[in-house]
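What follows are several structures.
Both complexes below contain chain A, partnered by chain B and then by chain C.
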Partner chain A sequence: MTTGEKSTTGYRGVSLELLTKFNIGVWDRIKVESESGDYEGVLLPRNSMADSLHIVIKLDSGYNIGVKAARIKSIEYLGRQEGHYGIREQEFPYDESKPNIFLFGTGGTIASRLDYSTGAVIPAFSPGELFGAVPELADICNLKTKKLFGIFSEDMGPEQYITLAENIYKEINNGADGIIIGHGTDTMHHTASILTFMIQNPPVPIVLAGSQRSSDRPSSDAARNLINAAIAATGPIAEVMVCMFGPTSDQYGLLHRGTRVRKMHSSYRSTFRTLGDIPLATVDVQKGVNPLRSDYRPRSTPNEEFKIIPTFSDKVMILYYYPNMQENLIRSIVEAGYEGIVIAGTGLGHINRPLYNVIRWAIGKGVHIYMTVQTLWGFVQMFVYDNGRYLMDCGIVPLANMLPETAYMKLAWALGQTRDREEVKKLMLTPINGEITERERPDSYLVLQGGLPEVKDFLLDYML
Partner chain B sequence: MSLWKTNDIDYAGIGFRCGIEIHQQLDTKQKLFCHCPVGLVDDPPDARVLRHMRPTLSEMGEYDPTALMEKKTRKEIIYEILNNRVCTYELDDSPPFPINQQAVEIGIRLALLFQCNIVDEAHISRKQYLDGSIPTGFQRTTVIGTDGWIPYKYRRIKIPQVNIEEDSCREVDNVGHNVIFRTDRLSIPLVEVITDAELYSPQEAFEVTWLLAETNRISGLVRRGIGAARQDVNVSIAGGSRVEIKGVDKISHIPALTHFEALRQKALLNLRDEIKERGISDSNYAYSTTDATANLARSPEFVGNQAVEQGGVVSAIVIKGFRGLMEKYIFPERIFADEIAGRVRVIACLDKMPNIAHRMNRMSLGIPDKEWEDIRRSLDAEDGDATIITWGPRQDVNTALEEIAIRCREAIHGVPPETRNMALNERYSDFERLLPGPDRMYPDTDHPPIEIDIERVESLREIVPDLPWDRRVTMKEMGLPDYLIDHLVTNPRYRIFLRMAGISGNPKWAAQVIVEYFTYLHRRDFGAINLSDDRLLILAQLFGDGIFHRESTLDILKAICVKDYDPQEAIDEIVPAVSEEQLDSILSEIITIENQLRDPEKRERFLMGEAMRRLRGAIPGKLIREKLSALQD
Partner chain C sequence: MTTGEKSTTGYRGVSLELLTKFNIGVWDRIKVESESGDYEGVLLPRNSMADSLHIVIKLDSGYNIGVKAARIKSIEYLGRQEGHYGIREQEFPYDESKPNIFLFGTGGTIASRLDYSTGAVIPAFSPGELFGAVPELADICNLKTKKLFGIFSEDMGPEQYITLAENIYKEINNGADGIIIGHGTDTMHHTASILTFMIQNPPVPIVLAGSQRSSDRPSSDAARNLINAAIAATGPIAEVMVCMFGPTSDQYGLLHRGTRVRKMHSSYRSTFRTLGDIPLATVDVQKGVNPLRSDYRPRSTPNEEFKIIPTFSDKVMILYYYPNMQENLIRSIVEAGYEGIVIAGTGLGHINRPLYNVIRWAIGKGVHIYMTVQTLWGFVQMFVYDNGRYLMDCGIVPLANMLPETAYMKLAWALGQTRDREEVKKLMLTPINGEITERERPDSYLVLQGGLPEVKDFLLDYML
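What follows is the complex of A and B.
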């Protein structure tokens, strides 16, 4: 936006011509005479994804409407009515007796304020802003924040992972008692697993949190997730964890081990689930962190084991197998220079016979190929059928019950360090924090089916 | 002034103004933003979900007053989930699906009925509601038409907007900090028709609301029945404030509600003047509070003892200079202290009434003189100060004290802008929440703008039905009596009535068929389904041609219903062929029947009835009457 000149944010084509003709810009109060009716209100910016044929006016009733530019006869300028944005900052209180938590921002909006005119969400991020939005945080900890990036979670990549790992390492060494990472939810589990591999033996909790309903909504899960994350960051479990809603009800959060967690629903609040194991703990304001198991890594003081290995190869990919997959697909992947392939195979870890030759050829070319299962739950077991034995003979390495996304992150991380086949294999098969488990608890696979009488009773007693 | 002794001039004198918002469910198959079926059910819930609402910062980084109020209530909101009526959208666990185009079309047609301009592009907005009645915390709403009007008393009542929006949940229970909502009603499409505040008496408010509802119903596109239509009534008087009485489900309640709201505002303005006379202003308004649990620990009759036993506390507040104001009448049987109690009930969730004690009721609540005076003394209360005592869980009592102080301070300025709901007596209203600020609307980023094509509007304009006021003129010109007109204005068969009236040349007969006989056949389960429009038109033709007479109409209709006859078949069966000779012999027989009736009028009625029964409408009554009188002479 420039001063002196009229701003026409988001307008193009016919509507832009019209605004230029009448010398009108956004935030101008205008009176429009059109064949569809006469309207008075404030000209709003237009969403750039919307068409170029309408202008948007905020009526005094607070409602917005679009008026077709071609039907507008005249626009009268009545004045200017610009929205003012500013989040009131309140100093985040410091209390010596409380733990010091460091919050990194990556671009998700865990707390925000709304621009009522455009509907845009303005993130609240500084400690002062966060205190204004979620004052409960001050009851839990002292807070420092640093905004590392401002990107959507799907745009996270190696550069961000490495920067994040380095910053976390630095702040823990500077004395932070816990780390929170505000993160978009789409790839939160990818970041959680790569941080588990990059930051080894952390002495304090590293907690990722975000929201499924943006924080500008009264029903948002953001504040509760942030408060739970702060409790987890001051808690006893020193691992990389995801902290998000347990049920969709406002009841408690779950702490998920970073290598075993996955986003399982595109929009539900309770979207994050631990797969093939049970979650680490529940967390809420009343009871704090309540571990569900004892084999977690406890909080300690920084020691020599605490280190970072911030490596990443971007020549790794996930191949989601489907019936009738053609061998030229794999050939082109290899020819494009990929060095590592994580296959999400069917059933116990299978792909079709016509691919065997190309797999053998790819491994001969030096490509590292690992097998996971697209069933997500359960182990790869390639000894059961001949086909599996043949594939292993070709050089495919089964990855037990490692989740495909976790395997992708781990292979990228491993190939960032070495290309030696045996060394990579050793890195892949040696669990760092639960990405491969020795055994599968019987209650680690629970996908309740609605409609069953016993599930009905359960839902009435415990809520969704 | 009582409602029934006031006239429009009295209301003009106090500057009475009223505007109406009428909400009515649209008759669509599915909900507005998802594909759930519409319809309320009484089945037990399949699951429950617990949520809380958190106020969001407004544009200026402030909280909306309503939002803050709802935060103070700390409500645990439980939604009863019905698997066959709601999906993850209503639970706020999925984004909206594209808007229901059937609802948009109905919206356009209704907006055209109200003479609106139709917007070129509809934008979905979010209107914040933090009471939990909508799980998202906001209602999705969009304006479809603007600048409409309806004619009323030789003037035009402006309809600035006609909106389409989603309905909220049904409240099942609301006790203490727990509120339970049922979700079946949630997201049913509604039309919202808004008038300007141009109605100048309760009677006008009533009549215009009726007219709005009539117009909606004429469309045949809205749902009817209990709860399908609800009104918000905005009332203010000169010097007062806009107060919204929400969710009035019967139009007949509007005159009393608006009248008593005007009275309440007048009383609050009088209270304001008295406070001013006492020299109390914002700058010197003062109060003090204290814990009084110990003071009342030895009073066995004290009504708050149970709360204290359960771990609660008793607190007292003294408002400087407010003595005697608590007992000022606001409604005929309600005093200012009741206004305060309403706030405490809603915001502090102390909902076991009575929830406050003051000078007038403290004896009956078991607070003896000595304790009362002790408490007042501990707060340095002087003669001119008012005291209020409240009890309950500590946190709630603290909220209550705050609210009492706030409500008394508001009295300095007169009428606080509030949303209220109808009291049980259907005349007064109770506090529901503070009136939301203007900034609670913001664009919905989940739904793209909806272009409304001009051709679409024009094609819908062609099928706009004639309007209630025009229908009334038409029927008046036909000479129909008012009671039939009232029924026919919104009758779904109005158009077929018009054609029957034209074909038969007898509007009154046609009106009788559509209004009276249809009702009769419905009530007695005759299955009016066989009365197709085509059959009705043929029947009108036959009636016009004199094939049968008024008297046999109902029997013919019954035969059509029961036996699925065509009109001619029914007439053939019902109406006997009677020759002139047969008629004369029947009538001669009738007048010889012995009876005791001496009164000539009664006697004639008896003879007519007997003749009609035997002739079953084969002969018009007029002819029978002529013949009977000729025979007797």
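What follows is the complex of A and C.
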């Protein structure tokens, strides 16, 4: 880049037009006059996934603000301020006494815009970049990385799940002591549950982590979650887990079992929650992985075969019950070729009577129908009323306390292997890792109730 | 009934065959020998909605147990024990100083099997029966009742909503000082939200109440919820509300705004929660209605016209997003005639890219598509990424923090009035009673987080 050729990394549309008009580029120190106020600071580059309507300025306070291009009257050039905004890439140190962790990138925020100390929004992903941005990682492990995709988490699907499972399998067999998956938060819990089913008996931890706030914001959870994920990946729990922000302070992260976790707030950092159970562990730099329960899967148990079963059927869907649901909805879904339906019923697993006929018809056509509860907490109990009993006689199978999302993932996985009714049922009802529990942890719902779970001192923290 | 002609109220199928075989009737004291053990007690009548596979015995401990008919080897007749199990019907006292409350029955547990003091499972519904079963009611109000339906709450639909709205309108105009609706818990929140839209500017409280445990069980919440509902119906808050069990103890009930409440556990009594906000009030016998906030709708404001708008379209559905959702699903739904779709998207309101074309096609065909979040807590924010902006350009309208169930009810209500795109949008985005709030009560999510909301002393109780 020569003088006069300004870089406009990540800007498009009206924001690019605006920068061109005033001959402004990224890392320029500028003064912006807009209808919403005047701002002075440094123009930051943008991620290619960001919107095209705003420019982003790092204020001297350290905060970044987005200013709507359409409201900007003028931009004054004050000077250049590049240099310390770049990612300080350094070779990631190798220490043979430390565990070897492999980090896969899928496109979530954690794999981009990670230079939290400087606020730069350029992607950080290679080990050297990550070390430059989050040097604490080198105290925990040796790191290798591989970027598998660069997509939003709502675009994750079977192709990505299978690629992930295969790559994880390969790197564990190559000697990785733990796996981290950088992942967008939207469907992190979906990916955690499908990987639990696809990757059987993993000998090492497989940890999904991401961030709710991008690392160019002071409140970002990106670095904290990544550090905690590295600690979890070197820890004792060999399960597929979600490692995300715990309480409202950044005191510690929580490790959630992949089949029992759900995103429960659209924007808060403290969004992932274990449902119908308590989390596996807390994790922080001081105490490391601090298990909250003893029934986790420990590292390598030699009697169990580590293998992958990377199957997935496109013909499965979630039917979220609502009052007055009409017969023709289910009929049209079955006629569109769907072979597996996970119903999220009301209460103990209910749907209305006008649907009974079409349910019987669908099952007669070979559709596999399973019942979960849309209350999210609690069990399906179809024995309580005749209605439920009738639906079971029709062939609907109740899934105890399996979460609807987990049930969807498991049914897609099972129907990828077989369409035999009994085999599918056996796969569905045989828990692989906690997707069905015998009974609910009596203390786990208290969190929603505002109650005080009396499990270990930790939960006193959890309540803070 | 003469000697030798035994009553078998509520028994059918195998359980009736069993009773006939051993010549046993309800209120007989019996000794049962079964594969699961021997039991001695009084045979209770059953509700016609109960299953046909068990007989129910009241043990001397006061507990009722269901014994599977197929496992019973013999039943020995020990004597009669009728009398004090019947509902002690007494004339409901009239006190002109007390408010006049009208109770509508729809079929939920609260309107049947209400004799909690004796354990009888026969329905109690007339004012005299309710007074016999729950004499505390007479300390609170004068009571009239009307049974509108006798159905499970999952079978509630537009016919019932409209009948309810019309009857409530009529009885308020006839002078009722408050309304109680006995309702099954499964879809109580759905009915609460549709009634909020159908009944505009009610001058008096409209309170839905039910029970999670039937009144023949010692842990029943039926009487407590009914008493609290009567207090709420005579109280200061003139909104459509859900009045149900608050914390795990039976210390007090909670009043939830009809548009922000959701059933969150399939079997616990403490299942209804206000989401993204704090409850309207606590309610108990000692303190009455104790508001937790000042922004409730007070009784009769003379400037607002009390009216009903009882409309509902059958052509609306909830589309609950999951990864790998296919285009053909939405296409088949639209081709089946659906005109309104409420999407429950991931994160801030996301769906995958392969759906964009079919969404544009559907909207082009005149389908009204609205976006909510399946995280349940938090707001849709479609301005953050280009994806969301593109979907809005296609015509998807974000619904802020409206709950998916509430959005479904409101869209069905709006499309019952007009199909004009702008009119529907205006109806959807203009809050009638809290279904969209400007921002989330910052303390409201803390309950899920296990956090300590610092709002009034009450919330300390709430945390117990």
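Following the convention adopted for this analysis, the second predicted complex is superposed on the first by the 343 of 464 C-alpha atoms of A that agree within 3 Å, B and C clash if a C-alpha of one lies under 4 Å from a C-alpha of the other, contacts with A are read in each partner's own complex, and residues count from 1 in each chain.
Everything below uses one rule, namely that contacts are C-beta pairs under 8 Å (C-beta built on N, C-alpha and C of every residue); 3 or more make two chains touch, one makes a residue touch a chain.
Since this is a predicted model, take the numbers as computed values, not measurements.
Of the two partner chains placed around the shared chain by superposition, chain B is the only one that A:Val67 touches, whereas chain C remains out of contact.
Looking at the superposition, the partner that touches the larger set of chain A residues, chain B or chain C, turns out to be C. In the superposed model, A:His350 makes contact with chain C only, not with chain B.
By the touch criterion stated above, A:Ser267 is placed in contact with chain B and with chain C alike. Of the two partner chains, chain C is the only one touched by A:Ser332; chain B is not.
In the superposition on chain A, contact is made by A:Ala133 with chain B only, not with chain C. Residue contacts after overlaying the shared chain place A:Gln81 against neither chain B nor chain C. Common to the chain B and chain C interfaces on chain A are residues 49-51, 248, 265-268, 450, 459, 463-464. Note for the complex: chain A touches chain B at residues 34, 36-39, 47, 49-51, 54, 56, 59, 61-68, 71, 83-88, 113-121, 124, 132-133, 212-213, 215-220, 223, 248-251, 265-269, 450, 456, 459-460, 463-464.
Residues 45-62, 67, 81, 83, 88, 91-95, 117-123, 125, 127-128, 130, 135-138, 141-143, 146-147, 160-161, 163, 438-445, 448-449, 451, 454 of chain B are the ones that touch chain A when the two sit in their complex. By the touch rule above, chain C contacts chain A in their complex via residues 49-53, 152-158, 184-187, 190-191, 247-248, 263-268, 270-271, 273, 312, 314, 317-326, 328-329, 331-333, 335-338, 344-353, 373, 375-381, 383-387, 389, 404-405, 408, 412, 445-453, 459, 462-464.
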